[in-house]
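Scrolling down, you'll hit the structures one after another.
Look at the two complexes coming up: subunit A is in both, with subunit B in one and subunit C in the other.
For the complex of A and B:
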């Protein structure tokens, strides 16, 4: 059995090099489907024995993508287009793209046009979720996604297999919630970059494999004495909080991450897939149950959620990882930033980009926050 | 007790030596910054002013973008904290500080005890920074030090609408080819900077006691435009450019004397 550090390193390697993981799956004869940010019905692919892999771009220069996207478009989408056009996703037969924002909507057509050897399955998550028709509409959308997966991959997705996969995904949610909680007792080991790697690796592994890996890590952490962390405790929010070179600046300044509302991380795991009349109805209901700032009618609202995370985790500040050129995030920021400050919470924002960056300005901001605290 | 602060910026290197935490006894500015001869030269020059060696200094704190690479420092601190402390030393009643440096602009809020309470920085963009003014001086073919006095002679400042340095440059060229008076263009450029950086102050919130620091504060035209933008007087100390280095030296003193 590998020790704790070896297990963490394994997940770190996978999160740093998803291409290697993709090639491993392909050479093992597995089929792979791409999952664009940030809610896709991965359960369907899992039920068909297909590995869903997250499409989160990479730290890369944008060149070919400029044919399709303006320089001030979402960096994740620019990076995904760039990697797709460079052929880095070779072997992936199809991608699922939810039209959660205007840029994703554009990319459904850009990817379809530019990356011809990968099929695009685009679908919409309804925004007015209080309407009764929302669920009915989403079930139809999910039925379309299921039919497309069956057609492209030549598989049949049965209701029984779907129910089994739903159980796996709910188990994964529970394991990730447990990891997030126990990580706070071991902030000497679970640094911001390590924590991020555990979450990000989930996007590039079958959920059964990831559950096994994280459960082992949890058990190994439980066997250790609780670490008395005396540094600064941070809550993160945003779409992504990466790369590790940026997160290492947090460690350099004695910060630990004790909770997050990051779309790539804990936001995925807060809401289970409920029981319903069918597996598709369950998946639809999960979207209706989610509290998410991208939804028109967010249930909890971000201010309450962030305040709750801040208090429950005894945090010192909230770090907003503002995805560069992300309209929905910038729109939200104004309101929750002032509300949190009124509540007496220190809030710092930094830009997140996917182009190689020296992060000097972010370092100055983070250092100053540490000095302020 | 002697403490030294060095502020290694993107375009200039500044150093100050403070005696017993209250008197500036040596200071200098070298007009080249991080990655150049500037840091070593300014360091040596302030030691030479007092005819002393490194070992005669009790503690050194480095700040500014080049702070991590200065080998003589005992500690590094962000330039935001150092500017806050330095300006407070120079102008004791200050509560809001607008610091415009070579490549960024910051607004700092101090509480009634003079401690840094909040801050805001510009986005990664040259607009509203010293670099923006360098580019404009080059387009106008004038010495950057003449921009302030010349802008005061403007009778009808033009509008430079763009907040992007590249687009503003072509806007200025277009104004020049239309035969606009250069002094009016310079005043328009200063207003453009004031609007950009003043926007940060408005976002953060500011009080009556506003001061400017950093090299750009030496430009009287910018200060005037900022006063108009924020509708309040702005204090500028003659050593405004040294505020970061002075703050660093004061932190070095605190390190040695506060338990």
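For the complex of A and C:
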């Protein structure tokens, strides 16, 4: 049995090199489907034995992507287009893209046109989530996605298999929530970069494999005495909080991450898939139940959510990881920044990009925050 | 000694233009008066199903239209500065920035919008407008009624979409009746749908005049009539404005005249929203090369084609009208049809810094439309619908000059076989 550090290193390696993981799955005879940010019905693929892999771009220069996207488009989408056009996703038969923001709407069309050897499965989540009609509509939309997967991959997705996969995904949610909680007792080991890699690796592994890996890490952490962390405790919010070179600036300045509202991380695991009349109804209800700022009427005010995370985790500040050119997050920032500051919470905002960046400006600001605290 | 500058007198406004301006002023004024009487007034997104509020006699104003007017009158700067000083990222939509600042200030040197009591949001133009209006809802602590129009990734509005949108429209009727204490009158609703359809048909008729070669009207003029189509397309006064415009155009045709102030050398398709702060500069530059804007998808978005009395067809029409809410193939199909119908020589693409949904598939649109239309020339320029800082007059002028040359060469080549 590997020790804790080896287990963490394994997830770190996977989160740093998803291409290697993709190639391993393909050489093992597995089929793979791409899951664009940030809610896709991965359960359907899992039920068919297809590995869903997250499409979160990468740190890369944008060259081919310029043929499709303007320089002020979302960096994740530019990176996904770039990697797709470069052929880095070779072997992936299809991608699922939810039209959750304006750029994603367009990328459904750009990817379909530009990356011809990968099928694009677009679908639209309803925003007016209080109405019963929204659920009926979403079940139809999910049926469309299911039929597309069946057609492209030549598989049949049964109700029984769907129910089994739903159980796996709910178990994964629970394991990730447990990891997030226990990580705070071991902030010497679970540094910001380590924490991030545990979350990010989930996007590139079958959920069963990830559950096994994280459960082992949790058990190994439980066996250790609680570490008395005396540094600064941060809550992160945003779409992604990466790369590790940025997160290492936090460690360098004695910051730990004690909670997050990050789309790539804990937002995924806040809401389980409930029991319902069918698996598709369950998946539809999960979206209707989700508390998420990308949705209209997000059930819980972002100010309240961040304040709650801040208090529950004895945080010292909130770090806004503001994805460059991300309209929804930029509007949300207007809503919560001044409200949190008025509540006496320190808020620092830094820009997140996917083009190589030395983060000197972020370093200076993080150092200043450390001094303030 | 300074040289005396002799300004050319401004072109006299036509009667229809004066009527359009007066109708818009009246709509703003009526909203102010309704607010003063204690009635609940609303702010709405521009492509919202206005038929329901109009049936209830509610007074509605349109922040996007208001932002365009502020920008066109070159009054945007203090609003943009204010917004950016209050946590609005420079990157956000310039209409939103102007409006979020205006929501605090509630005063400008153009028409004013009173503080709203409720908000109407349709996301058929873009997703981000929902977030913008959520900020208004939070700021004023007022209800926001949304009709989610669900982006169409298929080549038609699916039955499930129509059903969902229809359910939302029915819920909206209930919600607005509850908010205002009014009773729903289905006969009046049918009448408003009928009036809106008449206006739609008149708007189409006006746009169709641009198919005549040379065109009897300047395509840029249509932007001046968008106010009534956004604000009052459910009212009979809008029909009066459009009928007057039709009469003036018929007169021009009879006399061999045009409102385009130069000899029409080239006929172009304008892609995207107007660059409001530079509208006269753009027109002047185009005029210099005899370029008339004879087609635009943007103005056509308000040409909502549905069957009066049929709520399903209204739901589908609102979902499928905007280029921002449909798949690429349908956008290309429409443009091919318009390019042929309006005898278009080339396309001008406004790479609008304020509008990601318009520009993030625009480059592929450029290629596919050109290819579908036998290598139709196109050009693009960097601009912004309302932020004057994101536009360069020099860049626009240079590119238009080169574009005119490209279109001229192509026309000659086609002529010579």
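Quick note on the criterion: the second predicted complex is superposed on the first by the 373 of 373 C-alpha atoms of A that agree within 3 Å, B and C clash if a C-alpha of one lies under 4 Å from a C-alpha of the other, contacts with A are read in each partner's own complex, and residues count from 1 in each chain.
Just so we're on the same page, contacts are C-beta pairs under 8 Å (C-beta built on N, C-alpha and C of every residue); 3 or more make two chains touch, one makes a residue touch a chain.
Everything numeric here is computed off the predicted structure, so don't read it as measured data.
In the superposed pair of complexes, A:124 makes contact with subunit C only, with no contact to subunit B. By the touch criterion stated above, A:223 is placed in contact with neither subunit B nor subunit C. Contact with subunit C, but none with subunit B, is seen for A:109 once the two complexes are overlaid on the shared chain. By the touch criterion stated above, A:335 is placed in contact with subunit C alone, subunit B being left untouched. In the superposition on chain A, contact of A:364 is made with subunit B only, not with subunit C.
Set against each other, subunit B and subunit C touch different numbers of residues in subunit A, with C touching more. Of the two partner chains, subunit C is the only one that A:73 touches; subunit B does not reach it. Contacts of A:1 after superposition on the shared chain: neither subunit B nor subunit C is touched.
Comparing which residues of subunit A touch subunit B with which touch subunit C, the overlap is empty. Residues of subunit A that touch subunit C in their complex: 67-70, 72-73, 77, 99-103, 105-110, 112-114, 122-124, 126-128, 131-134, 136-137, 140-141, 296-297, 322, 324-325, 327-328, 330-335, 337-338.
Residue ranges on subunit A touching subunit B, taken from their complex, read 351, 360-361, 364-365, 367-368, 371-372. Remark: subunit C residues 86-89, 91-93, 96, 100, 123, 126-128, 130-132, 134-135, 138, 146-148, 150-153, 158, 160-161, 163-164, 167-168, 171, 324-325, 327-328, 351, 353, 356-357, 359-364, 368 touch subunit A in the complex. For subunit B in complex with subunit A, the residues that touch the partner chain are 65, 77-81, 104, 116-119, 121, 123-124.
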